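One chain, chain A, links the two complexes that follow: it is found with chain B in the first and with chain C in the second.
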Partner chain A sequence: MYELAVIGGGPAGLAAAYSAYQNGLRNIVILERDKELGGILNQCIHNGFGLHRFKEELSGPEYAHRFIEMLKDTSVEVRLDTMVIEITDDKKIFINSPKGYECIEAQSIVLSMGCRERTRGAISIPGTRPSGVFTAGAAQRYLNMEGLMAGKRVVILGSGDIGLIMARRMTLEGAKVLACVELMPYSGGLTRNIVQCLDDFGIPLYLSHTVTEIRGDKRLEGITVMKVDENRQPIEGTEMDFDCDTLLLSVGLIPENELTREAGIAMDPKTNGAFVFENMETSIEGIFACGNAVHVHDLVDFVSAESERAGAAAAEYVKNGASDSEVIEIVNGADVGYTVPQKLHRNTKAEKIDVFFRVRRVFSKSRVVVSSGDTEIAVFKKAFMVPGEMQHLVIPTDKLRDFDTITVTAQEA
Partner chain B sequence: MYDVAIIGCGITGASIAYRLSRFDLKTVVIEKENDVAMGATRANSAIVHAGYDPEENTLMAKLNVRSVELTKELCKNLSVPYAQIGSLVLAFSEEEAQHIEKLYKRGINNGVEGLRVLSAEETKEKEPFVSDDVVCSLYAPTAAIISPWEYALALAETAVVNGTQIMFSSEVSDIKKTDEMFVIRAGEKEIKAKTVINAAGVQADRIHDMVLPHEFEIIPNKGAYFILDKCEGTRTKHVVFQCPNKDGKGVLVSPTVHGNLIVGPNAVPSERYDTSAKLSDLVFVKRKAIKSVPSVDFRTNIKNFSGVRPNSTESDFIIKSTDGFIDVAGIKSPGLASAAGIAEYVEQLMCNSGIRLSEKTSYIKDRKQIRFKELSHEERKKLVESNPLYGRVICRCETVTEGEIVDAIHRPIVPRTVDGIKRRCGAGLGRCQGGFCGPRVVEILSRELKVDREEIAKDRDVSYILKRRER
Partner chain C sequence: MTELTCIGCPLGCRLTVDEENDYAVTGNSCKKGAEYGKNELKNPTRVLTTTVNAEGGIHGRCPVRTEAPIPKAMLFDAMKVLSEVTVKAPVKCGETVLEDILGTGVNVIATRDL
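Then we have the complex of A and B:
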């Protein structure tokens, strides 16, 4: 029996495993379905990773490499080419690999499966079904891992970070990127990516626009883009046709949690991830979750930090058993889309609590209020908040312990 | 010279090919597209209807009801996903309740077994999520759901195993009739056959007119669908219809054999090959579906598609033999549900016209397909020990292994496209719609078929996925 099984060897799983090792566990296994560790970082060959974690600007593979190197000097076992088929609430794990189909057992589990991209179906784009419509990540994989081009004349729907990165990448590889089209009146990606990936290459960004038709029987031949009103409905008469052979979709990410659901772990419909405590424990004791499987992050640096907490908590659980504690609930106030964690253990040993959340709309000068009933517990001033950028609060635990529920609210200053 | 040439390898052509493959006949199937089931067969409601809907004494009624048992048996023998889950037709008004009575009587006359009219309470008991506005319903326990493309593929593959030839990417452009044979022109090919069976779907009128005087026309009619994520797959337990009206059988909500929820279709006149789904189609389908099952969560949609029905100027199926030329045309709904009976009927027509059908001394009527997902833990263990390729999951949404994909590529009809793989083993059918496994399937196809990845198409001929780089 393993002390800890980590499901997924991307940035979250790597950090969780290393942290569990540092906190005293010796019998740890990472189960990774790909043929190498690193997860999606391996295809993210652009820079911008690690500014917080390592105070350096690294590429995705370099960032992953740092953690892979750290693990080399540990006893952490890595099983590659290994897919977890099922986990049970009593921590049996059914795995499949060319070496065999088997059931392993672990005292604790970290769920770090990452996320997947939303597809054309998720947004029901009307039209025909030709080739040439890709998720941005699939096109990125073709290009960066396999050296293959998804197309030559490209429109990108959605201004999420992967889409923006791919606008630049496809341009550098000789494709003509005609436009980036965003349904919302603001971009879904980081400001730095708008500047560096669109503006610097003269690629127009159409905000409050969407793709309303896909044409072509075999390969994509063209699309229609329309402006949308405040209810996101296309406005007649605003049609723009683009002749393109490729449409890349960067329309959101969904935490990958089929295993989580099947194990019967309580899920938060707002994040599509498990409900977690401040130590990243799920509703089943001894099963923890972290990274994009819990909520979609903008920066891998925060994934690592969160996952280190999960790994440490798994080690604590293996050594000392479950924490028997009352629960404090975190409630989403006005304009807060979700929070992670959603719950706190009242008796947590942590001196401060990291709360991550996203706002539902754009705020210029604003404040974030942490309160319980009429009691204001803490106020944080923010110069600027957009849904595309994850917000982070650090609250001293002692300020929270006396309450049963606390509410996080975003307000204009 | 062939004894029989079948034009079209949708469910109708494939069923006939399978049926005839047990006889000592030299048979060829001529298909315009690059795979089996490329027309209406792959884009429909995937239902084996019970048979209460077609008017009494029509071929549709007779063949649909006859096929209920035949289809079940075939699916069992050929390892085709099939589940007899029963259907409900909902009535929302007194007028519709009267229609339910009419359908019930018609069903009894057609020979449908087990039909019952259910009260509102009984209906809600069977289907807790249907609208509170339901007045009564018609319950048909013999209705089933099926994987239409796997059904057609299984039939066609087994026919090939028994010696049938299939020519793909071969569009028939001309047929000449001489005294003793038909000469069929398909691209560069010239195919001679004693008997021609016209199973050309939306092209059946054009094929007919190449040989015989103009008699009927195909009136293509399009319907759009939603496929929802498996988390919605238990929203209904039965096929839930609304009362049929002038627009067809109306919008249905049903589980699929793959565990999803299917919602659709509408009905609008279309071009023969226009499988686009317009915004207006999708809006209409949504609105209608919510009338039956208000809680359907369309935010979980994973795919939209449209299919084209080969409706015709006749109200019934057009199945008849004229001097060695057999029309099997206008096979609209319930065409999929009637396919097995249609093939049997065509066999009788051939017999009646004096063609000698003698059974082969040995032929194969069964087919096995390994589906990793459906195996027990113990069976999976053994399978991976026997071949490590089953130990590598390629499609994570549908849990399809590399072994199954390689099996699919080496089956009697070789798929050359990513969607061909999807139809055979389900890779890419799931919630991420091939976003994850697509590049891996391209790689496996390229390796197994020994062609460049840039040569691999998504679906129809030349629908290439990747562009060659010029540097």
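Then we have the complex of A and C:
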């Protein structure tokens, strides 16, 4: 029996495994379905990773490399080409690998499966179904790992970071990127990516626009883009036609949690991930979750930090058993879309609690209020908040212990 | 006066650069921003990340980047140069795959083991 099984060898799984090792576990396995560790970082060849942690601008593969190197000096076992089929609430893990089907057991589990892209089906674009419509991440994998270009004349729907990064990448490789089209009145990606991926190459960004028709028989031949009103409905008479052979979709990410649901772990419909405590424990004792499987992050540095908490908590659980604690609930106040964690152990040994959340709309000068009933517990001033950027609060635990529920609210200053 | 968004880190500070006052930068929250604001108007540079052909490894492409920023105007020429480069496994992360690209004095390095 393993002390810890980590499901997924991307940035979250790597950090969780290493942290569990540092905290004293020696019998750890990482189960990874790909032929190598690193997860999505392997195809994110652009730079900008690791500014917080390493104080350097690394590319995705370099960031993964740092963690993979750290693991080399440990006893952590890595099983590649290994697909986890099912996990159970008593921590049996059914896997399929080159050795065949087997069941392994672990005292604790970290769920670090990452996320998947939303597809055309998720946003129901009308029109024909030709080839040439890709998720941005699929096109990224083709280009950066297989050396294959998805097409030559490209429109990008959605201004999430992957879409923006791919606009630059396809342009550098010789494609003509005609436009980036965003349904919302603001971009879903980081501002720096608008500047260095679109503005640098003169690629127009159409905010409050969407794709209303896809044309083409075998291959994509063109699309229609329309402006939308405040209810996100297309406005008659604003049609723009683009002749393009490729449409890349960067329209959101969904945490990947088939295994989580099947194990009967309680899910948060707001994040599409498991409900987690401050130590990243799920509703089942000894099963922890971290990274994009819990909520979609903007920055890998935060994934690593969160996953280290999960790994440390798994080690604590294996050594000292479950924490027997009352629960404090975190409630979403006005304009807060979700929080992670959603719950706290009242008797946690952590001196500070990291709370992550996203706002529902754009805020200029604003304040984030942490309160319980009429009691204001903490106030954080923010110069600027947008839904595309994850917010982070650090709250001293002693300020929270006396309450049963805590509300996080965003307000104009 | 020119307004810019800093790309030094994900914070994306909104900078104002005063060309008539020795490119003085305001709105930045760190040294990087001051430097970026000045350079962006005088000589804009970018780190180039791309892939080169690879033989003998588990993938047919190897990701690479310039070790330091190069002039923005040279990005497409640099892509052309790198399209002619092939690396042979084993490649070490950080290994130089091309020295002094386009006479910039900047090396191009591999960003993974292969």
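Criterion: the second predicted complex is superposed on the first by the 413 of 413 C-alpha atoms of A that agree within 3 Å, B and C clash if a C-alpha of one lies under 4 Å from a C-alpha of the other, contacts with A are read in each partner's own complex, and residues count from 1 in each chain.
Note that in this section contacts are C-beta pairs under 8 Å (C-beta built on N, C-alpha and C of every residue); 3 or more make two chains touch, one makes a residue touch a chain.
Just so it is clear, the model here is predicted, and its values are computed rather than measured.
Novice: After superposition on the shared chain, which partner residues are touched by A:Asn42: those of chain B (first), chain C (second), both, or neither?
Specialist: Touch status of A:Asn42: second partner only.
Novice: Given the touch rule stated above, what does A:Thr128 touch, chain B (first), chain C (second), both, or neither?
Specialist: After superposition on chain A, A:Thr128 lies in contact with chain B alone.
Novice: Please work out whether A:Glu146 is in contact with chain B alone, chain C alone, both, or neither, and reply first, second, both or neither.
Specialist: Both chain B and chain C are touched by A:Glu146.
Novice: For A:Phe302, select first, second, both or neither according to whether it touches chain B, chain C, the two together, or no partner.
Specialist: After superposition on chain A, A:Phe302 lies in contact with neither partner.
Novice: Which chain, chain B or chain C, is in touch with more residues of chain A?
Specialist: Per-residue touch count on chain A favours B.
Novice: Could you say whether A:Arg192 touches chain B, chain C, both of them, or neither, answering first, second, both or neither?
Specialist: Second partner only, chain C.
Novice: Is A:Phe380 touching anything from chain B or chain C once the two structures are fitted on A? First, second, both or neither.
Specialist: neither
Novice: Could you tell me if A:Pro61 is touching chain B, chain C, both of them or neither one (first, second, both, neither)?
Specialist: In the superposition, A:Pro61 touches chain C alone.
Novice: Across the two complexes, what residues of chain A are contacted by chain B and by chain C?
Specialist: 145-147, 173
Novice: Note which residues of chain C are touching chain A in the complex, please.
Specialist: Against chain A, the touching part of chain C is residues 4-10, 12, 46-51, 53, 58-61, 63, 65, 72, 75-76, 79, 93-94, 111-113.
Novice: If we count contacts the way the header does, which residues on chain A are in touch with chain B in the complex?
Specialist: Where chain A meets chain B, its residues are 33, 81, 83, 85, 94, 96-103, 116-117, 119-122, 124, 126-132, 134-135, 137-138, 141-142, 145-152, 173-174, 212-215, 217-219, 234, 245, 258, 261.
Novice: Touching residues of chain A toward chain C in the complex: what are they?
Specialist: My answer: residues 35-36, 42, 45-48, 51, 57-62, 64-65, 143-147, 169, 172-173, 190-192, 194-196, 200, 298-299, 389.
Novice: Any idea which chain B residues touch chain A in the complex?
Specialist: For this pair, the touching residues of chain B are 226-227, 231, 273, 275-279, 281-282, 298-299, 301-305, 377, 380-381, 383-385, 388-393, 396-397, 399, 401, 431-433, 435-436, 438-439, 443, 453-454, 457-471.
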